[in-house]
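One chain, chain A, links the two complexes that follow: it is found with chain B in the first and with chain C in the second.
This part shows the complex of A and B:
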C-alpha cells in the first residue's frame, strides 16, 4: 500500500494536532500519525494552566510575551476549552516582597496586565487563598482543558481533509539518500505495516522526538524533566493561585473543570523512563506541603489522583532541574542543520504556545513545498468555539437546558447542538460525576478516534470524576461493546481502564479515596461478578 | 499523606453508592427531579465550578431527609440541596408560597373568622378558584382553623397552677397546636401536670420549616434567631425546651445551623420532643405513668420522615406500648408524601399522593382504630387519603392516662428516685 500526502506529521500531542490543523486549513493533504492516543504525552499531563506569561516574565521574557499573545488568541478561538478565571501571584511571609516590584515591572514589559492588589482584596477575590499573604498581584491567567483542545484541533484537521492514524507507530523513515521521503507505520491494532509518502515530514514527538530524530539520522538533544501533580476532588479555588517568587516546586494551583490541580515538581529523569512515569510518595508529600501554603484547605481536601509527565525541554546547559531551560520554541530544519532533506522538528515550547509552534512549523512546511498560504488559525475558531458564553450557547439550543445539557455545552461548546439527545435513553447518564450522557459518549466513539475507554475518557471526561470509574466504566464499556460488536474486547478494556484509574489513586490511597476504591472493587467483583473473569 | 484526611467538605465523603437515590421517595415518582445523589454531592462539584449548573428542579426535594438517614457515609445530602437552593435559585417565591409558608400569620388572620374560613375553604368553588389562581391543588383538604387557640385556653385554664410544680419545662407548642389542634397542647399540659411537671410558655415564633421549604430564607433565619434567643433565656433558667411536633423540633435542632446558618449550639441539646423527654423520665424512674385499665385501642404507628431523621421513634413506641390495652403495629417506614406545604401545591399534588400510596394502602388494609404520628402535616395527608383518624402520641397518652392514679404515684416519695440518667441517651 502506498499513499501520498503533502506533509506527514508525527505525534498526536497538541503540537502535532495544531500543526495538522494549520496545514489542513492551508489546503495541504495532511497525515497525522500517533503511536498511542492523541494527548497521551505531556499534552495530557500538565496543569492545564492558561498562562498569562507572568510565570516566565522575570526569567524568560520571550516566552512570557508569546504566552500573553496566545492567551488572548485562545480565549477567542477555543472558548469551550478555556475558563477565563484570572490569576493571583501571592507573596507569603517567608517570601521576599521586593520580588513583587521586579515581577510586576517584568510583566508590564512583556505586555502582561499585572495589577498589585490589596491582600484583603485578594481574599475577597479568592476566599480559599492563604489568609496570611502579604502581597498579591492580579494577572490574566486562566485554565485550559488540554484534552479538549487537542481533540478539537484533530477534529478540525479531519474536517479539512486530514487523515489521522492513532495507535500507529513510525517504525522507520523511508529515505532516499539524504532525503526523507516518507515513513513506515505499524498499526498496533491490526499489526499491519504501511508506507506513507510526503515531501515533508514533521517531527512533533515531544520528548519522544529525540528517538524519532535519531531514527531519521539526526540528533536532537532533549532534556526529560519529570513533573508530578495532584488532582483534588473538586474546585477549592476559582482563581489560579501562584507564588510570587522565582518558579519552584508546587507553586501553582489551577481550577480546571470540576477539579483543581496542584503542581508541579521538576526532576531530571533518564530518557528510558519517559514511557513509565508515576508520582512518588516524596513528590506527593512535597505537593501537599507546598500546596497547603497556597490554599490551606488543600490539607484536608480529598485527592482524586496523582500523575506525572515529562516536559519536552530542549537541552541547553547543565541545569540539573531543567527549571532554567527556556520554554521557548525550537524549530529545526534538518536540511539546514544536518543536511537531511524533507524533515523538520518542532519542539520545546509549551501547551500555551502550541498554536504559534504549529504556525512556525506549517510556515516551514509551506516554504519547503514552495506553497504560499497564510496561517489563519489565530482568527479561526475551533469546532465548538463559535461566539457566546456557556449560558447563551445552551439557551440557543434548549429553551430550559437541564444540568446535563449545560454540562454537555461546557465540554463541547456550540457542537452540543449536534449531540442533542433524541430520547430518554440518549439523554441518560453514562458518567454521573461529570454528567456525560449516552449521546455524547456515542458521538465520541463514532467520530473522535475512540478505541478504548481511556481514549473515551480523554474525549468526554467519563471516569474523571469523584468515583473514578466506579459507576461509569461498565456503562461506557457497554456503549463500546455496542459500537464494536465485541463483548470480550470491551470486557478486557474495562479491566485495563479500572487498573489505569487505580494507578493514579494508589499514590494517594487514603481516606475517602481508599474507601471509594474498596467499594469499586466490591461492585466489580461481587455485584458484577467480574472477579478474575475479565 | 494527609494527617487529617476527613474532608472539611462533607459531600466528598460520598462514595457514590447511590443508596440515597434508592431511598428517595420523590425520584421514584417524579422523573423531573434529579435525585439526591445527582442534586447533592454530584451537583455540588458542578455548582462550585459555575453556579449556572444549579438545577431549579431541586425544588421538588421534599426535604424529608430519608437520603441522609440512608447514607452510610454521613453526607448531609438534603442540606446540600437546600443550601444550593438558598444560594443559587433565581426563582422567587410567589404569593402562593408566601401564604403557605406564613403558618402563624395565616393562623392569626383566620382565627377571628375561623368558622367562615373553614366553610369557605371547604367549598368546591373556592378550591377551583385557588387551583386556577394560586396553584393550590383543588383536591387538597385544608386543616380546620379553631376559633380559640391553645394559648388563650392555657392562660384561662392552666397557667395559674403551673408555678405550683417543683419541676418545670418550657413548651414549644408550634403553629398547628395553636391554630388547628389545641387538643395536642391540652394533652401535653394534662400529662405533664399529672406527673408533677409545670408548663411554661415561650415567646415563640413559627419554627420556620415552611419558610425553608418555600424558599423564604431570610424570614426563616429571622425566626430561627428569635427562637434561639428565647431558648437561651429558658435554658439559662434550667428549663428544657419540649415540643410536640417532630418537624418543629427537628428543624430547630438541625436546620437552624445546617441550612439557615443560625448558631444554636448553646441550646440544641436542650431542645427535645415530649416522647423522648417523657420516656427518659419514666425509664430513669423519675416519673411514673399509670394508665386506665379499660383503655383498648388497635393503633398503627406511622413514623414521620423527620422522626426517622431524629432517630427517636423508639421513644414513642416504648411509651405507647406502656399502655396495657394497646396493640401497636409499626407501619413500614415510608413517606406520606405531604412534606409540610409540598402536597398543597398543584405541581406536586399527584406526586404527593403517589408517594403516599404505599402507606395509605397499608393503613387501609390494617384498618386500625386510629393512626399514631408526631407530625401534623402527615396527619392531614393520612386523614384525607385514608379516612382514618390520626392522633399525636401525646393525645393518645393523655386519653389513656389515669390522671388521679398518676398524680398519686408521682406524689409518693419513691418517685423521686434515680438521678438524671437522661443524659445518657442523646440524639
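This part shows the complex of A and C:
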C-alpha cells in the first residue's frame, strides 16, 4: 500500500497531536502515527498543571514567558480541559523568605501576575494549606486534563482531514540519499506493514524522539529525566499549591477533577528504561513526606496510585537531575543541522507550551513545503470549547440526572451535544466514581480510536476514580465486547486493565489502598472468576 | 454486661461459631460493624480448590495432610475437618440455608468431599465445595448437565435491559467453549425500568428487591417463556432469591428448561440472604446481635481479656468468659496495613507478615499475593498472642487467622467454617465435636 501526505507526524503525545491539528487547520494532508495510544508518554504522566510560568520565572525566564502566554490562550481555546483554580507559592518556616521578593520580581518581569498575600488570607483561600506558612504569593496557575487536551487536538485534526494511526509504529524511514521520503509503519494490531510518503516528516516522539532521530541517521541528544507522582483519592486542595523556592522535589500539589496530585521527583534514567517507568518506594516516601509539608492533610489521605513519566529534556550541560535544563522549546531542521532533508524534530518544551511548539513545527513544515498558511490555533477553540453556552448544549443530555450531566459536560464540553440521548439506556452509569454514562463510553469507543480499556480510560476517565476500575472495568468491558463483537479479546483486555491499575497501586499498597485492592482481588479473582479456566 | 462469649465480627465465621455456642446454651453477644464478605459472596463455599503450590485439588480432604503445619486446616487436623465437613450441610440447613454439594461417595472418608464447579460471571469455572441452591454449580468442569444428567446443548441467557452488572456475552463465551449453543435476550420489567431513573440504582440488590413482587417475577417468567426457542437451559442473573429460595424454585417450575443463575457484580443477593438467615438463626437461638457497632478499648491482663467496650455503648464494660475475634481480613478492617507493618487493630495481636514490603505483592495482579495471606498468629487452639504471650480466653476465627492464602487456595469459606467449629468446640470444652 502506498499513501501520500503533505506531512507525516510521528508521536501521538500532545506535541504530535497539536502539530497534527495545526497542520490540518492550515489545509495540509496530515498523517499522525503513534505506536501505542495517544497520550501514553509524558503527556499522560505529569501533574496536569496549567503552569502560570511562575515556577520557572527565576531560573528560566524564556520558558516562564511562554508559559503565561500559553496559559491565557488555553483558558480560551481549551476551556473544557482547564480548571482555572489559581495557585499559591507558599514559604514555609524552613524556606528563605527573601526568595519571595526575587520570585515576585521575576514573575512580574516575565508578565506573570504575582501578588503577595497575607498567610492568613492564603489559608482562607486554600484551607488545606500548611498553616505554618510564613509567606504566600498568588499566581494564575490552574489545572488541565492532559488526556482530554490531547484527545481534543486529535479529534480536531481528524475533523480537518488528518489520518490518525494508533498502535502503529514507525519501523524504518524511507530515504532517498539524504532525503527522508516517508516511513514504513507496522500496525501492531494487524501485523501489516505499510508505506507512507510525504515531503516532510516531523519527529514529535518526546523522549523516544532520540531513537527515531537515530533511525533517520541524525543524533538528537536527550536527557531522560524521570519524574514520579502520587494521586490522592480526594481533591484535598482547590488551589494549586507550590513551594516558593528553587524548583525541587515534591513541591507542587495540583487539584484535578476528583483527585489531587503531588509531584515530582527528577532523576536521570537510561533510555532503555523509558518504556517502563514506575515510582520506586524511596520516591513514594519522599513524595509523601514533602507533600505533607504543602498540605498536612495528605498524610492521612488515601493514596490512589503512584506513577512516573519521563521529561523529554534536551541535554545541555552536566546536570545530574535535569532540574537546571531549560524547559525551552527545541526545533531542529535536520537539513540545516545534519544535511538530512525532509525531516524535522520538535522537542523539549512542556505540556503547557505544546500549542506554541506545534505552531513552530507547523511553520517549519510550511516553509519546507513553500506554503503560506497562518497559524490559527491561538484563536480557534478546540472541539468541546466551541462557542455556545454549555447550558444550551447540555440540554441535549437533560435526560440524565444533574450530577451526571455536569460531569459529562465537564469532560466533553460542548461535544456533549453529539452524545446520543435518544437511546433509553444511554444514561446508565458505567463508572460511578467519575459519573461516566454509557452514552459517553459508547461515543468514545465509536469515534475516538479506543481499542482497549486503557484507551477508554484516557478518553473518559473510566477507572480513574476512587475505586480504580473495580466496578466500572467489568461494565466497560461489556460495552467493548458489544462494540467489537469479540468477547475473548474483551476478557483479556479486562485482565490487562486490572493489572495496569494494580501497577500503580502496589507501590502505595497499604492503608485503604491495600484494603480496596484486597476487595478487588476477591471480586475479580474469586467471585467473577476472571483468573479461572474457560 | 456479662456474657458467656463475646464474638467480634458479624460474618460467616462469627455467625457459625455464635450459632453453635448459642445452641449449646452459651449466652453470646455478637458485635458487627456492618457488611461482611457474605455480601460479596460468589454464591458458593470453597473448602480447598488448590494446594499452596497451585496444584488443583479434586478431593479436598485427601489434600489436607499435605498442607504446611501452620495452615489452619493442619492445626484442626484432617479427622476433625472430615467430621465438620460432613456436619456442615445439616448445620446450615438447620439455619434455613440450603446448600448443594457435588455428589461424592461416603467411603473412603477422605473422598467424601469432592469439588464441584461454579460457573462464574466471566464464563469461567471455579472449584467449590458447597453452593447456594440457585447458583450455577456443576459436578465436573467439562460436562454441563441438566437435572436429569443429560448434557446441555443450548442455552438462552436472559438479562434485564440496561443492566450492566451481568455480562451475558462473557457467560455465552464460556458456555460455548463447553459446546453449548447460546442465545442472548433482554426483558423489560416496569418496576426495574423505574429503577433506571437513578443510574446508580440499577444494581443487583435493588433489582432483587423489585423481583420479590409476584407480578414482577411472574411477568419475567412469562417473557422468558415467550423468548425461548427450545433451549434446554436458561441462564439468569442471580437476582431472584432475596426473599428466599422459593422464587427461584417457582421460576424453575414455570420455565420449561433447566434454570440456573449466575452471579452479578457485587453485592451478592444469595450471599446477603445467607447472612440474613444466619443472623436470624443466631438471634432466634437467643443470641444478642449489635449491628453497626465496633469493639474498642479492651482490657487485657496476664494473658486474659478482662472486658471490651464498644463505640456505641461507650464506657460500659462488656465481660465474658471467652472472646472470639472474627472481624475479617483487610477489607473487613480485621487487619490494617501501614507502610512497614500489618496490625490487628482491636487487641494489637501479633501478626504474621513478610518483613520486606516488596514481598507483600506480586506485580501480576492475578498471581498469588502474599498480603492476602497475612493473618494473626495463633496456637493450635486458635489462641492469639500479644507480644509473644498467648491470650488464653481469646480465640481467632475466619479470614483473620494467618497461615493460609485463602484466595489463592479457594479456601475462604472453608477456613471460616472450620475455624468457627473448632473454636466453638474449644470454648465448649469438647475434645471431640458433638452433633450440631
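Everything that follows uses one rule, which is that the second predicted complex is superposed on the first by the 513 of 534 C-alpha atoms of A that agree within 3 Å, B and C clash if a C-alpha of one lies under 4 Å from a C-alpha of the other, contacts with A are read in each partner's own complex, and residues count from 1 in each chain.
FYI, contacts are C-beta pairs under 8 Å (C-beta built on N, C-alpha and C of every residue); 3 or more make two chains touch, one makes a residue touch a chain.
None of these values were measured; they are calculated from a predicted model.
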Which superposed partner A:498 touches (first chain B, second chain C, both, neither): second
Chain B versus chain C as contact partner of A:302, first or second or both or neither: first
First, second, both or neither for A:528, with chain B first and chain C second: second
Larger contact residue set on chain A - chain B or chain C: C
Touching partner for A:511 - first (chain B), second (chain C), both, neither: both
Which superposed partner A:519 touches (first chain B, second chain C, both, neither): both
Which superposed partner A:487 touches (first chain B, second chain C, both, neither): second
Partner chain in contact with A:101 - chain B first, chain C second, else both or neither: neither
Partner chain(s) touched by A:478 [first = chain B, second = chain C, both, neither]: second
Partner chain in contact with A:159 - chain B first, chain C second, else both or neither: neither
Set of chain A residues, in rising order, touched by both chain B and chain C: 285, 429, 432, 471, 510-511, 515, 519
Chain A residues touching chain B - in the complex, by the definition given at the top: 233-235, 238, 255, 257-258, 284-285, 288, 297, 299-303, 390-391, 402-403, 406-407, 410, 429, 432-433, 435, 465-467, 470-471, 510-512, 515-516, 519
Chain C to chain A touching residues, read off their complex: 37, 40-42, 118, 120-126, 141, 161-162, 164-165, 167, 169-170, 172-174, 177, 196, 198-200, 202, 263, 265-266, 268, 329-331, 333, 336-339, 357-358, 360-361, 363-366, 369, 371-372, 407, 410, 412
Residues of chain B defined as touching chain A within the complex: 1-9, 12-18, 34, 37-38, 41-46, 48-50, 52-55, 57, 73
Touching residues (chain side chain A, partner chain C) in the complex: 281, 285, 400-401, 404, 424-425, 427-430, 432, 437-438, 471, 474-475, 477-479, 481-482, 487-488, 490-491, 494-495, 498-499, 501-503, 506, 509-511, 514-515, 518-519, 521-534
